[in-house]
Amino acid sequence: MSLEASVRLTLGSLHLDMEFVLQEDEVVALLGPNGAGKTTLLRAVAGLVPIDAGRIRLDDEVLEDTATNQYVPTEKRSIGVVFQDYLLFPHLSVLDNVAFGLRSRGMPRSEAAARAMQWLDRVGLTKYAKSKPSVLSGGERQRVALARALAPNPRLFLLDEPLAALDVTTRAEVRRDLKQHLASFRGLRLVVTHDPLEAVTLADRMIVMEEGRHVQTGTPAEVTAHPRSKYVADLVGVNLLRGEADHGFVRLPGGRAVAAADAVAGTVFALIHPRAVSVHRQRPEGSPRNVWPGRADGIELLGDRVRVHIAGDVPVVAEVTPAALAELDLAKGGEVWLSFKATDVVVYPA
Amino acid sequence: MRRERAPLAIGVLATVGAAFFIVPLVGLIVRTPWHDAVQSLTSADTLEALKLSLEASLSATALALVLGVPLAWIYARVEFPGRTVLRALTTLPMVLPPVVGGIALLLAFGRRGLLGSWLDSTFGITLPFTTAGVVMAETFVAMPFLVLTVEAGLRSMDRRYEEAARALGARRWTIFTRVTLPLIAPSLFAGAVLCWARALGEFGATITFAGNFPGVTQTMPLAVYLLLQTNPESSFVLSLVLLAVSLLVLIGLRNRWLGSA
Amino acid sequence: MLMRVPSLVAIALVVAACGSTGGTAAGSPASLNGSMNIFAAASLTDSFNALGKSFHQAHPSVALFINFAGTPTLVTQIEQGAQADVFASADTANMDKLNADGFTAGSSQVFAHNKLEIVVAPGNPKGINGLADLAKPGVIYITEGSSVPAGKYALQALATAGVKVTPKSLETDVKSVVAKIELGEADAGIVYTTDVRAAGSNVQGVQVPDVVNVIATYPVVTVKGSKNLDIAHAFITYVVSADGQSTLASFGFQHA
């Protein structure tokens, strides 16, 4: 079972141009900032948004192909969708909601009700079978949405920000449940999210999208180790620079050269973990090859560590202990010097 | 939170506005001869008019639902050239003087009318002077109320529910009956009730197109008008009945004029 | 409460006495000015419009407003407080009612008579030749409501002629009946000869034999509470004068 999708479309100011593949042995997360086009892409795969050019193939069935004018309408696609606000039908009971997909496809009422009850049992909500969705909590509604989408046994399971509507405390618990349900589902699975924690927890593979375009794909480990855009770097919490490698240096667009042990040639990313950056009141002596001045213009407290944002021609984030911060005594205009070793710079091709 | 109080000027004008409506209604209640009321209400002619009014207005409402809901759906969901004009035309009876509506109906469905002459020569069907004619006249003036209300309900409903239904495999008819209609039920109800109330009170188009004959075309409003000439005080009683019905309708609808659940 | 204005009967009688010897419109005091509301039966529409025009020509400073409707409607309007100066009725019954209810000033005068006539479409396509033909199958017959003088007379004539026929509609006045015949919605109706004449070539008339016909008597009166009694009396004087009578005759009315 697999999904192959190449989608090009324009919606308002969004120009989407994406290609991706889903295999049945992996949960894929589509991650990106708001406005990246992730939900639009999901809706295009579901058939709810018209495509300007492209092709969507689910197993051996062509769902859409602009070249040959083929289009299978949404209601005929073997998909299950969990929408962002769940969209449980407010006028139907929980049981009727879950049975909806079955009844729509012609299943007799009693059989559909029985199957729906089985699903409610799986998500632990049988006692709410006759209730209306409005009496349920956010987490419970999410489970009903899940059951409703999966009851008809679709081949492709699409989730649009499945945890976004929940508060932080519920989210953690529901995330665990969701991971289990995703694992036990025998089919293709795509989760759209803007929350990196969600992506990292639920997905076997991540596709990062920005402004309608593909940025990078990889396992969560790969992506966090080698981010390829500021967006991902910020999510991961590392410094990311980009420039031309030149025998031990990376020349940045502004002119500064960063000493990097592995830099040979070509356009590269240079990743420096904030922990590797030291902050000084005066110009430091010692082995670190990368030393330059800046101005501390922001401080973040992260548990037992502190992140200092240093502005300058090359903005950098450094991580220090609170004690170190106190010693620095950043009162006078915040002028500081930063330093990091060439060996702490991770270089990889752009 | 402190209750807001109206500025003096607004309060005065609003009071005058309210009086404008209340005084005539109070006048009707005060001048009605209550001791004769029962007799007036139970006379054969009155009961006949009441029965006819109820039958005709309910039929008109049913017809308006069958024709009006699809119209409302098209206005709310389908883009096509000339939609604005069509919509204006089908809303016209709301602002047209009812007699003008009656004349228009005659010119279309009367014995020499556009369609009426064809009906007469082909099927021998004439609509003026029949109860069917009454239903047509009432539908003509009352249906726009239903169309507008239902259209507003359709526009304001969250269409994502329909998408969710599609993703669950529902075809268009299933979506319409199991998702859309239930979600706009309040607007549908309000529209039907408004339509019915308007149909019940219709006079000008009825008397012009359908004529006036007890038991066939003499609805309550017509009966009131004629009673006014022979026995004004009986007409007050009947007027009060119509007034009470209308008031009940309005109070019952209260906040549910437009919008979804 | 019904409005009762102090009666001007005494003055009215004096003025009426002065004006009742048959003066013409031009003979009345030319210094009349003000306005006057005339409430007249629907069957008087064309004739009273003509009378009003002549009267206005003779008295340019008088503004004339004429309200035409079925006679019972006019009675109701006056009794409910409408401002009328002159009331011209299509029968004596309605005039008596208005008088008995205390809304008239002075006694009324008969100024015209009328007769019934059957009105049909031009060419008489349904072949109506008399009252009996109204009951023919396939004929749509309409008439006025029985509280309208013409409607009442129609019932009388039909009873005298021994014809049983159920109308398809009871209209509120003669003009509505004529209109529906003109439009082709109905085949035949009973109205006055004056109405048939007024509709010209749009309709055709079928005479009702005098032996079964009903003579309609048209009285006119000044209304109590009128603020323009002098003008009202002048108008009534004109209507019953030789000039007024010949105008009425030209529209098909019989003399007073």
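Residue numbering begins at 1 within each chain, and the chains themselves are lettered A, B and C in the order written.
Keep in mind that, in the parts below, a contact is a pair of C-beta atoms (placed from the backbone, for glycine too) under 8 Å apart; a residue touches a chain by one contact, two chains touch by 3 or more.
All values derive from a computational prediction rather than experimental measurement.
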Neighbouring chains common to subunit B and subunit C, by label: none
Central chain (by mean CA position): B
Far-end chain from subunit C, centres as C-alpha averages: A
Cα-centroid distance, subunit B relative to subunit C, in whole angstrom: 37
Euclidean distance of C-alpha centroids - subunit A vs subunit B, Å: 55
Centre distance in Å when subunit A and subunit C are each reduced to the mean of their C-alpha atoms: 89
Interface hub residues of subunit B, defined as touching at least two other chains: none
Complex interface listing, subunit A residues touching subunit B: 46, 48, 73-76, 79-81, 83, 85, 87, 89-92, 100-101, 104-105, 148-149, 152
Residue ranges of subunit B in contact with subunit A within the complex: 158, 160-161, 163-171, 174, 178-179, 182-183, 185, 261
Subunit C to subunit B touching residues, read off their complex: 70, 72-73, 75-76, 79-80, 140, 142, 145, 147-148, 167-172, 180, 183-186
Residue numbers on subunit B that touch subunit C, as the complex places them: 106, 110-112, 126, 128-129, 207, 211-213, 217-218, 225-226, 228-230, 232
